[in-house]
Structure formats: structure tokens, C-alpha cells
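Each of the next two complexes has subunit A plus one other chain: subunit B in the first, subunit C in the second.
Moving on to the complex of A and B:
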């Protein structure tokens, strides 16, 4: 019988400090920032009048992708948010990617620190935008949609408050964090299973060939994580746009 | 004096304290600590919050004030240049269309002029041809008249000669038959009558 010893989850995500409080997560976050800066710096150095290709083409494609998303969710006025939302998307994506890069193999976003920080920033931003555009009416419009009977207002207000003010930032953070951590754990699980089967000491003729199955699953999941990494960055970015858009032109406010 | 030995095996730390007073047979007292719990998978670690948020803030600030404006400015310059090129191309196309229209109008004028010239030339040629034809016909008629006159004269001359010859032959034949020369005038008249009948027949 195969005796597979699976490590506890906090062992899988435990990283030694490289120096001071600087660990692998911090290193990859800094590397993500440096790579992002490098890509846009190199892209900006290319001759803009020539047809874009290579790194400039990549950067311009990302910028246009973000601008299109902003146009569809916030509108033309929302283009002032492009640099910040572009930073969010690129940074989250670059923090997701290390999960499938050999040696690194740990997404920064599989730790709660970054998703929670970004979600709190988004939360502050969309509330600030709502207050700026709708003044104090923002909370009124948010808490009580039009047509709610007076008797229902306390209950609806409570639900809307919990939904918009408390749960929204947490759902934003946990969606990203949980998806990336789950992906990381799946990769760890299939890696360990595959390794254990290949190194089996008993029933070698049966267990060693069976090691191919989790290996294939590992390869498939790695490819899947490429998609998940992009998708989670996109979801985080588009939800940010939607929240800002809602704060700018509240449907509730329009109906009032 | 206490001496501590720390060993790490499979995720657990074992601290062994050596104390001479409480020493066992091997002279040591073993105190095993709980394995280090490691970071919570859910609770964010402050050091990671600081480092990751710091990295993001630096990236976002640079993107806001330097990277994005630079890239966007370049894109705008290229779009403006492309738009200007498009406008230039539109102007050139419009100018070319005007030139083509002018050329076609000019061509139509020239064609009309050429057609008029050809018409005039055709009419002139027709008039000249008619005039020449009339002249030639007149010449032909004149020459035909002259030829007819000449032929008639020749015929008359030949007829005279034949009548004279026939008259001579007839007179001689009558003379040989009758033995007396006939009146030449009568013979001549008879021959003339017979020949005129023959010619008319």
C-alpha cells in the first residue's frame, strides 16, 4: 500500500525570510513590479511613430484592452482611471504568473496579503468616487433602491449595507486569493502524488506506470493555471471597473 | 550550567536541555516543543502586506505619472500622424478625382471637336467627290458623244464604201447578165435601199 504523506497547508505556504522580513512572496511581488515597470519602460522607449511590434505592441494591446473595458463599464469619463486600473491588472497578472513558473511555483496572490490590500484600496476608491459624484446621497441610493416599501427599508438597508460595504471587498479579495491558492494546492497535490508513485518501493510494476496519470493531470492543471492567472486578473480588474462605474452613475440614483 | 540542543526533523523542532543536576543516565533532559505552526493560510502576514503593497504602490505611482502617460502620448502621436496621413490621402484622392473629372471634361470637349472636324471633313470630302464625279461624268459624256460621232462617221464612211463596192459589183453582175450596163443611179438607189433595210433589220 502506498503511504503518501501530504504536508499541512501552512507548510506548503511557509517561506523562509531571505533577509529581514523579505521572503519569497515579497521577492516575487517586487519582481512583478520591476517586470511591469521594465515592460512599459522599454515599450515607451520604442519609436511611437513606427508600427508597434514586440514589446511596444504588447504594452499597447494591454492599454487598449483596459481602455475598452473601461469604456464598456464606466464610460468615457472613466478613462482617467486607466493608469490605476492598468496597474491593477498588470500587477495582479504578474503576481499570478509565478504559480506556474518552475522554481518560483507560488503565486503572490495565493497569500491573502496582496488580494486584501488591493480589495481595500478598491473599496476606498469606489466609496470615494461615489461620495464625490453623488455626495451624501450615495449611501441613500446604495442602501435603499427605489420602490422599496417603507416597512422593508430597515431590512433592505441592512442587506445592501452588508453587501456593498462589508462583503464586496472581502468577496473581491477572497475570490482572487482562494482561486490562486486552490490552483497552487492542486499543483502541489498532483506533484506529490506523481513523485510518490514514481518513487514507490512496493508494487513497483503497478504503481510506477500509474504515476503517469497524476503527471498528465499536473501538466493539464499547469496549462489551466495559465488561463486562471489571466482570468482572475481580468475579473479583479473588471469588477473594479464595475464598482467604480456603479459609484459614478448609480442606477438607483438615476431611478430616484 | 544549562546546555540546549535544537534539532529539526520533519517539521518539528526538538529542544534538548542538558542540566547536570537533573541529568539522567545520559546526562540530559528532553523538552520537546510544538512544531512551529507556520503562517495561517487565510490571515495576511503584516510583512507580506507591507512588501506587496509597497511594490504595488511604487508600480502604480510610476504607471500613473511616468509609464502610462509616456506610452499614451506616443500612441496619440501615432494616431494623429495616421489621421493626418488619412486626411492627406483623402485630399489627394479628392484632388485626383477633380483632375480626372477635368481631364474627362477636356477629353469630351476634344472628342466633340474632333467629331465636328471629322463631320466637316466628311462633308467637304462628299462635296468634292460629288463635284469630281460630275466633272468626270461630264467628261465621259463628252468623250462618249465624240466617240459616237466618230463611230457614226466611220460607219457612214464604211457604208458608203460598201454601197459603192456593192453598186459596182451589182452593176457589173447585171451587165454580165443582161449584157448592158444598168443605170448607175438606179443601182445605187436600190443598193442603198436594200442595205438600209438590212441595217435596220
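Moving on to the complex of A and C:
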């Protein structure tokens, strides 16, 4: 129809290997890491006694933002986690952003590898934190929230085990991955649609002006993706904080 | 209207069982995502609506409410996203 052939999913998200299995996505992930480290190293080398401006101002704003979030979710004693949470947030954000940068046009996190790896790292960290702060009592508190009747213990234990140990890393990874992939697919769909309408061979008078509509939608969605890229990095970061906070304190809060 | 009728007439009829399977998968994928979006749509609306209500009543607690709101949105949204992943898996 209309000469519009939607490409297979593999064509949309798979890129040619540059060497070995190293492709554009891996290159952008490396670039994200290098840019993140570089910005904060540059900011760290500025004179701390002068009023912050330029790159240092930016870095301090981000650090303050992370500290605020940690204060709200883990508490004051969670501030030791600031560097790690900060690098997680900056890396995820810089991996989300290429989705809307012209030429790059592919969020690194739209491939499952990176979100899954990050989620597994977070999973290991929050279990380790729980074991360190509550010893073996961690699993007891996790499986049976205080006040559960004895008869309900097997069922509650099973559900809590599944939600805390198995589903958490998956939902963390899938949330980031699927959000970015969905955004990427939307951009692909609307750009293909407007390209196909602009190049229509039949009914030119009707179809060519109609190509403006998907174009407007594309512009709107690109602006929306700016928001989504930030929001997903923020949500990934805040969920990590919440999981670590729950592992540190023995009181049980419900979350999946 | 002519363009519309031409759109419809251009589609080829299904001939082999493989094509029928593909068509069924495509229809299933479309339904999977559409159905998966209903619940979370209502849920996110409810979460954000209540959060706005709370912020309007107590503006000094807005920061805390916003954080909790984003958490709630994230948990609710995960369901819709699982539907989206299924949509892609079925469409493959």
C-alpha cells in the first residue's frame, strides 16, 4: 500500500559490525562512558573556591539532584552511594540521548544487552547491601513481612521471592529497554510514513500535502523523546535508590 | 475516496498456510498491545490525578509526592511495556 513497506524489526535496530561484533551501538555506549567521565573529570579539576560556572555548574547541579533523590529515598546514611548512583544516572541518560541526535538516531538502551547488564549489576548490589546490613535476616524480612499469619507464610514467601528476586531485575531492564525501543519505533514509523507520502506516485495532490501531518507528529515525538530519555534515566536511578534503601532498612515496603 | 479504495484493492489475498499464520500473528500482536495498554492507561491516569490532588492540597509536600508519583508510574507502566515486548516478539 502506498509503496510503504515497514522494515523488519531487525532492520530497524541491528547495525553493521565495524570489526568483530563491535557495532555503532557499542561505539555509542563507549562514547557515552567516555563523555560522562570526561565531563565530571573536567568539572572536578576546576577551582572549588571560586563560584561555579560553565561545566562545573552543570556537574554540581546534577550531583545536587542525585543527592536530593537519595535523601528522599534512602536517607542521610545513603549519601555514600552518590558516586555510584550518579555514574549510573549519567551513563543511562547519555545512552538514551543518541535516539534523538541526528545521524546517530539510535538509543543504545534500545538493545536489551545494556539494560539487562545494568539491571543485573543493580540486582547484585542490592542483595549484597541487604546481606551486609541485615545478615541472614535480610531474606527473612524480604520473604515474610512482619505480621503475616503462619498459615499464609508459604504463599506469601513464594510471591515475595518471585517479585523481589526474579521479577525486579527483569522489570527494571524491560522498563528501560521497552521505553526506548518504543520511542525509536515511533520515530521510525512516522518518518517512514511522511517519506512515503512525500514520494507518492498516485494522487499527488491529495497525498503529498498530507505528508505534513506525520512530519508534525515526528517533530512532536522527537521533543517527547527528549523528555522520555531523561525520565527513564531518572526512573532507573530512583528505583535503584529505592531497592538499596529497602535492603538497608529492615522495615518492609511493597514494591515490584 | 478513490485513494482509499485503491489502498484496499491493492492488498493481496492470503494463499498459503504460512501467510495465514503470519497474518494471525500480526493481528494477535496488534490486539496484545492494544489490550495491554488499557489497564496501565487507567492506572497511570489515576496515579497522576491523585498525585496532583495531593500536591494541590499540600504544596509543601510536592517534592515527596512527585517522587512517589514517578515510582507509581514506573510500576504501572511496566505492564504496558511487557505488552509492547510481546507485540514485537509476536510480530517477528
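Keep in mind that, in the parts below, the second predicted complex is superposed on the first by the 250 of 256 C-alpha atoms of A that agree within 3 Å, B and C clash if a C-alpha of one lies under 4 Å from a C-alpha of the other, contacts with A are read in each partner's own complex, and residues count from 1 in each chain.
Here is the rule we use: a contact is a pair of C-beta atoms (placed from the backbone, for glycine too) under 8 Å apart; a residue touches a chain by one contact, two chains touch by 3 or more.
As the structure is a prediction and not an experimental result, all values here were calculated from the model.
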Clash-or-fit label for the pair subunit B, subunit C on subunit A: fit
Contacts of A:21 with subunit B and subunit C, given as first, second, both or neither: first
Where the C-alpha centre of subunit A sits as vertex, the angle toward subunit B and subunit C in the overlay (nearest 10 degrees): 110
When both partners are placed on the shared chain, which of subunit B and subunit C touches more of subunit A: B
Touched partner set for A:32, first subunit B, second subunit C, both or neither: first
First (subunit B), second (subunit C), both or neither touched by A:9: both
Partner chain(s) touched by A:235 [first = subunit B, second = subunit C, both, neither]: second
Smallest separation in angstrom, by C-alpha atoms, between subunit B and subunit C in the superposition: 8
Residues of subunit A that lie at the interface with subunit B and also at the interface with subunit C: 9, 181
Of all residues in subunit B, those that touch subunit A in their complex: 11, 37-45, 47-53, 55-56, 58-60, 62-64, 67-75, 77-78, 81
Residue numbers on subunit C that touch subunit A, as the complex places them: 2-3, 6-7, 10-11, 63-64, 67, 70-71, 73-75, 77-78, 81-82, 84-85, 88, 91-92
Residue ranges of subunit A touching subunit B (in the complex, touch as defined): 7-11, 13-14, 17, 21-23, 25-26, 29-30, 32-33, 36-37, 40-41, 43-44, 46, 48-49, 52, 59-60, 63, 82-84, 86-88, 90-91, 95, 108, 111-114, 116-118, 181
Residues on subunit A engaged by subunit C in the complex (per definition of touch): 1-2, 9, 68-69, 72-73, 171, 174-175, 177-179, 181-182, 202-203, 206-207, 231, 234-235, 238-239, 242, 255-256
